[in-house]
Amino acid sequence: MREITYAEAAAEALREEFRRDDRTVHLSTDAPLQLQKEFGRDRVRVTPISESAFVGAAIGLAGSGFRPVVNIRMATFMFVAMDQFINQAAKITYMFGGQARFPIVYRVSVGAGMSMAAQHSISPYSMFMNIPGIKLIIPSTPYDMKGLLKTAIRDNNPVLSFEHTALGQVKGEAPEEEYTIPFGKAALRRQGSDVTVVALANMVHVALEAARELEKEGVSVEVIDPRTLVPLDKASIRESVARTGRLVVVDEACQTGGAAAEIASVVVEDSQTFKRLRSAPVRVCAPDVPIPYSPPMEKFVLPDKQRVMAAVKEALK
Amino acid sequence: MREITYAEAAAEALREEFRRDDRTVHLSTDAPLQLQKEFGRDRVRVTPISESAFVGAAIGLAGSGFRPVVNIRMATFMFVAMDQFINQAAKITYMFGGQARFPIVYRVSVGAGMSMAAQHSISPYSMFMNIPGIKLIIPSTPYDMKGLLKTAIRDNNPVLSFEHTALGQVKGEAPEEEYTIPFGKAALRRQGSDVTVVALANMVHVALEAARELEKEGVSVEVIDPRTLVPLDKASIRESVARTGRLVVVDEACQTGGAAAEIASVVVEDSQTFKRLRSAPVRVCAPDVPIPYSPPMEKFVLPDKQRVMAAVKEALK
Amino acid sequence: MPIEPQDLIEMYKTMLTIRRFEERAAREYEERHIPGIVHSYIGQEATATGVCANLRLDDRIVSTHRGHGHCIAKGADLKRMMAELYGRKTGYCKGKGGSMHIADFSVGMLGANGIVGAGLPIAVGAAMAAQLEGGDRVAAVFFGDGACQEGTFHESLNLASIWKLPIVFVCENNGYGVNTPAEYSIPVKDIADRAAAYAMPGVVVDGNDAAAVYEAAGRVVKAARAGKGPALLECKTYRWRRHAESKAFAELRPTGEIEAWKSRCPIASLERRLLEEGMATGQELADIDSQVLALIEEAVRFAEASPWPAPEDALEGVYSV
Amino acid sequence: MPIEPQDLIEMYKTMLTIRRFEERAAREYEERHIPGIVHSYIGQEATATGVCANLRLDDRIVSTHRGHGHCIAKGADLKRMMAELYGRKTGYCKGKGGSMHIADFSVGMLGANGIVGAGLPIAVGAAMAAQLEGGDRVAAVFFGDGACQEGTFHESLNLASIWKLPIVFVCENNGYGVNTPAEYSIPVKDIADRAAAYAMPGVVVDGNDAAAVYEAAGRVVKAARAGKGPALLECKTYRWRRHAESKAFAELRPTGEIEAWKSRCPIASLERRLLEEGMATGQELADIDSQVLALIEEAVRFAEASPWPAPEDALEGVYSV
C-alpha cells in the first residue's frame, strides 16, 4: 500500500472533506497553503492571534450551518481560549436542548520531546475527558489521522483532535481509496496474551517497540490504541485485560489526573474484569513535573521503551 | 467549641493572615467589604471583569514579593484566564529554575445543586491535578476552610482553593485560637472496617450520612476526606483500603477523567494495597453530562446518599 | 428612513412584553416557581427592542446572562421561555438551560450566555456565516459595560473589523457590572470611543429611548447589510432591579440614582410620545397592556401545566446525531 | 534631558552585544548545540536597548518568546543566558526553561514567555507591586504586534489605566506575527492609536533608532515614575531572520522588504551617528566589538564547559519551599 506521512494524511483528509462539503471552512493563524489555494482565502481564512475569538467564531459558524475546522497549532494555545472550549463548544448542544448542531473540528498538536520546555510540551487530553460534550480523537498513525479526521469533519459535534508533534513526518500506509474510521473503536495494534498495554499517541509506537523486545524474552504483550478517548472503547480494553489479567497504561502526559488514571479505573471498576486481574495495574507516564527543556531531563521524564518494559515486568511479577 | 459558617471561616482566615503579613493583597471583581474596610482599597482591590489580567497580575505581584489572594468567585470563570493558571502560575517556579517564589491563593467556588445550569455548576479540580505546580485544597468544613486557607496564604506556591457553593452557610466548630492545617494529610471523618469511602467537598457530608445509615444496617464505613488533592495523602487512603479491602470514591464532578479516577488508580496501582482489595473499586460521580438546570434532572445527576449506599453495597458484594 | 407610527407602537408592545415578562418572572422567582438565577432586564427594554426592530427573522443575535429581553425582541415564544424558566420539558432547552441559556435558533436567537463576554466571538462566527452565505444577513450581539473589559471584546471587534463582517456590537451600558460602576472599570468617557481602536464607527445613543436606538441601530445595521462592516453601538441605560433576583446579591447602588432612572422609564416615555403625538390613544395602549398581560398569563399557565423532564432525561442530548 | 554621548555609546555596546549574542546563538542552534527553538532578536536591538536604558536595576520588565534582547538590555549575564540555551545546569533556569523562559529576577527581568500576550498581565502585577511599595519603581513589558490582538493586551492596558499603574507597554511592531502581516491583523494605522481606548498616551517611535526610542521611552518612564500612569509605546521595527531558527518556519516575507530593512540597521545607523558627530572613533567602536565578541565567546565557553543537569534534576523544583 501507498505510504504517506501523518502530516500529509491530515492534509488529504481536509482536502477530501472540503471537496465533499462546501460548508466546511478553515480557521488558523497560518493557513494551510494548498488548501487555501484550492478553496480560497474566504473559506480558508488566516486569523490574527486571537484564539478566543476564532475558537468562538467556529461555534457561531457551526450554529449557523457551517462546518469549521480550526487549527490551533500547539495544544497549549487552547488555554487562552479555554472558556470557548469548555463553557461554550462542549456545553451548548446540551444546554440549548439540542436545538442546533455544532459540527466543529479543533486540531491541536500535543507531546514533548523537542526541547520546547514546559509551556510548549503538553498533552492535556485528560482535562477534556472530564468535560462532556467534546469528542476526543488521538491518531497515532497516518492511516488513523486521515480516517479519524474525516470522521471528525463529518461528525455533528465538536471534536478535538490531539495530534502528536513527533509524528508529523512519520510515514505509514494509507489507501488511496476513501475510508473513515468510526469513533469509539480501539485498534488492536498487536496481539498478546500475557499483558495488555494500552498506549496513546506516540506512546503506541514506544509500546510496540517494547513489545517486540519483550517477545524476545518470551513475554507476549498485547497493545491497544484507543484511537478516540471520548468515546472510549471500554469494552475492548476490558476484554483484553480479562484475557491477559494484567494492565499497563502508557501515556506521556503527567501521571496524576491523566488519561491513564481513567483507563485504569475503567478496567478495575468493572467487577468481571477486576476478578480476572492478576496484578496491580501499572501507569507509565511522565512524572508530575512541567516538562523540562534540557534534553537529559526531558528524556528522563518521557516514558520510553525501557520504562514500558519495566512496567510490563512489574505487572508480571 | 464555637461554631462559625464556612463563609465566616474564610473571612476569618483572610483577616488573620492579612493582619499577620502586610505583603498580602486581595483582588476580586467584588471586594470583601470588611476586609476592604480594614486594609483599604489599595490592598483589597476591586477589579474589572478581566480575569486574565488580574489572575496574571497576581503572578507579577507574587514575583515581586507580595502575597496575593484572588477570589475568582465561581470556578467556571477560571476558564477565561486559563492560560495564566496553567502556563504561567503553575509552571514558572519550575521553568525559571526556582529563582523566585510565587505565593498566590486563588479561591473559586465549585459544585452544583442550585439550578445554575451547566456553565455555573462545575467542579474542575481534576484538570488541575494533571498540571503540576499548583497545590489544590478542597475544604469541606468551616474548620478546614479556615485552617487550609491560612496554610495556603502562608505557602510559597500558587494554591487553588476549591470551595463548595452549597457549604457557604453551613456551620461547624472552629476554635478561636490560631491554627493551620498541613497540606497532604487527609482527615479521617469516620472510622470503619468494611469499606473505605473517599469523598470530596460537599460529598464528605453525603458520605457521612450514608455511613450513618449503613451503620444501622450493620455496615461499618470509613470515610476519608483528602482535604488537599495536590499533595494527595496517598498513604492514608491506601492504608485504609488495605484494612477494609474495599474502596468507594465519591465526587460530584463528572466521572470520566475526574479526581475519582486518580484516587482509584492510586489505590489499585499500589501492589500491596491491590493484594488486599477484595472487590472492584466503585466510583460515585456525576454521569458524563453537563449539569442540567431543571431540579429533577440536576438532582438525578448529583451523587446522593442513596447512590453512595448502593455503591458501598456493590463494593461489599 | 423616518420612523413610522406603526413601528413605534410595535416597539411599545415589545417593550411592554419584556417588562411584564420580567415582572412576572421576578414574582415567580420570589415564589420559588423558578429556581436558579434570573437577571432582570427591566429598565433596559428600549435597547433590545430598538436594535431588534431593525433585524429580520433570518438575522442572528447572541445574548448575555440578562437575555430575556433579547429573546422577546427577536421573536422568541413566551410560553417556551417561561417553561424553560420553570425547568419544564416544553421549555426551549427542555429544562436543561434555564434563564441564562435560552436560545431559539428558529428565530435567529443563538443563545444567552452565562459567561461575561463569551457571546461576542460566537456572534462573530454568525456574522462570518452571513458573509460566507453571500446574502445580506447581519448579526448583532448584546453585552454589558462590564463585558467591555474582557479580552473577548477586544478580539471580537478586531476580527469583525479586519474581515468587514456584517455585525453590530451592542453594548448595553447600564452603568454597573454587579455593583462595580462602569466609571471605575472603564477609563474612557464613552465605551463607543473604543470603536476607533478597531477602525469601526462608534455610536452613543440614549438606550432608554426606543426610537433613538431604533434609528441609530438602523444606520449601522444598514451599513452592515451593505457590506460596510461592523459598528459598536453603545446604549446608555440602567437596570432597575438588583443584579439578579436573589437576596444574595446586595444592592449597593444609591437609591436616588435608581429613582432618577426610574423617572426616565423607556416605556413611559414612549407612551408619552405616542399619546402626545396622537399616534395612539390611552385606550389603545391599555388594550396593548391587556393583551400583553394575557400572553404572559398564558405563558405562565403553559409553564405550570407543562410536564417536568424525567430525571433520566438528564442523560440525553450531550451529543447531536 | 538631552542624550549624552556616553549614553549613546553604552547603547551601542548593548545593541552590539545583543546582535553578537544572537548571531552566535543562531550558529550554535544551526550546529545543534542549542536544542528546541530560538527566536532571534536581530534587527530589533534598538527597542530593548532604548527602553531599558531608562530603567534602573530595581525596575522590572517582562518579555516574550523573542526575549534575549530584553534580557541583555536589562543586564542579564551572558554566560548564564548561553548556558541556559545550551540546557546546562549553570543556566538561569538550571536548564529547565531554555530560550523562551529566561528570567533573572535579580536584575528585574521577570521572564520571557512562550505564550503570545501572556506577559502583559504579569507585568501589570509587577507595576501594581511598585505602586503598593510606594517608591518610584516602574515596570515595562515588551510584546509584538501580533500580541496586540490577544485579549490580554486589552485587559492589561485597561487595568493599568484605571489604577494609574507605573508601567510602559512596549509594542515591538516588527510588521509580522510569524508570516502574517500586521496590516492584515490590525485595522488601525498605528497600534499606538489603541492607547486612546484606555485613556493613556500612545506614542509611535522609530524602533530602529536607539536614540529616538531612548527619548520617547524616557518621557513615558518619567511620567510613570511620577505617578502619572501608564503609556503605550509602539516601536516600529523589523526582524531580519525567519520567525524562529528552524527550517520548519518558512520565510514568506518579500526579499526586497527584508533587504530594505537591513539597510536601516539600528546598529549601523547609530555607528554612523557616533562617528559623524565625533562621539567615538572607528577604533573605539572596533574595540567595543572586540570586547563584545570576547564576552560572547566567554559565554559560549562557559556554556560548553558547564555540566549537564542530572536527569533526575527534572524531578526537583516544581514547588518552592
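Order of writing sets the chain letters: A, B, C and D. Residues in each chain are counted from 1.
Just so it is clear, a residue touches a chain if its C-beta (ideal position, glycine included) is under 8 Å from a C-beta of that chain, and two chains touch if they have at least 3 such contacts.
Please read these numbers as outputs of a predicted model, since none were measured by experiment.
Chemist: Of all chains present, which has the mean Cα position farthest from that of chain B?
Modeler: Ranked by distance of C-alpha centres from chain B, the top chain is D.
Chemist: From the mean C-alpha coordinate of chain B to that of chain C, what's the distance rounded to whole Å?
Modeler: Distance between chain centres, rounded to whole Å: 37 Å.
Chemist: So, what's the distance in Å between the C-alpha centres of chain C and chain A?
Modeler: A distance of 40 Å separates the two centres.
Chemist: Indicate the residues of chain D shared as contacts by at least two other chains.
Modeler: 91, 93, 95-97, 101, 113-115, 118, 149-152, 155, 158, 162, 184-186, 318
Chemist: For chain A, give me the residues that contact two or more of the other chains.
Modeler: Chain A, residues with two or more chain partners: 48, 50-52, 76, 79-80, 83, 87, 94-95, 117-119, 132-133, 288-290, 292.
Chemist: Taking touching chains as linked, do they make an open path (line), a single closed cycle (ring), a hub with spokes (star), an all-linked set (complete), or other?
Modeler: Shape = complete; every chain linked to every other.
Chemist: Note which residues of chain C are touching chain B in the complex, please.
Modeler: 35-37, 87-88, 91, 93, 95-98, 100-101, 113-118, 146-147, 149-152, 177-180, 184-186, 308-315, 318
Chemist: Quick one: which bits of chain B touch chain C in the complex? Just the residue numbers, please.
Modeler: 29-30, 46, 48-52, 76-77, 79-80, 114-120, 287-290, 292-301
Chemist: Mind listing the chain C positions that touch chain A in their complex?
Modeler: Touch list, chain C to chain A: 60, 62, 91-97, 101, 103-106, 110-111, 113-115, 118, 120-132, 139, 151-152, 155-156, 158-159, 162-163, 317-321.
Chemist: Which residues, counting only chain B, touch chain D once they are in their complex?
Modeler: It is residues 25, 42-43, 45, 47-48, 50-66, 68, 83-84, 87-88, 92-102, 132-133, 135, 156-157 of chain B that touch chain D.
Chemist: Quick check: in the complex, which residue numbers of chain B touch chain A?
Modeler: So the residues of chain B in touch with chain A come to 52, 76, 79-80, 82-83, 85-87, 90-91, 94-95, 117-119, 124, 126-133, 230, 232, 253-254, 256-262, 264-265, 268-271, 273-275, 279-283, 288-290, 292, 317.
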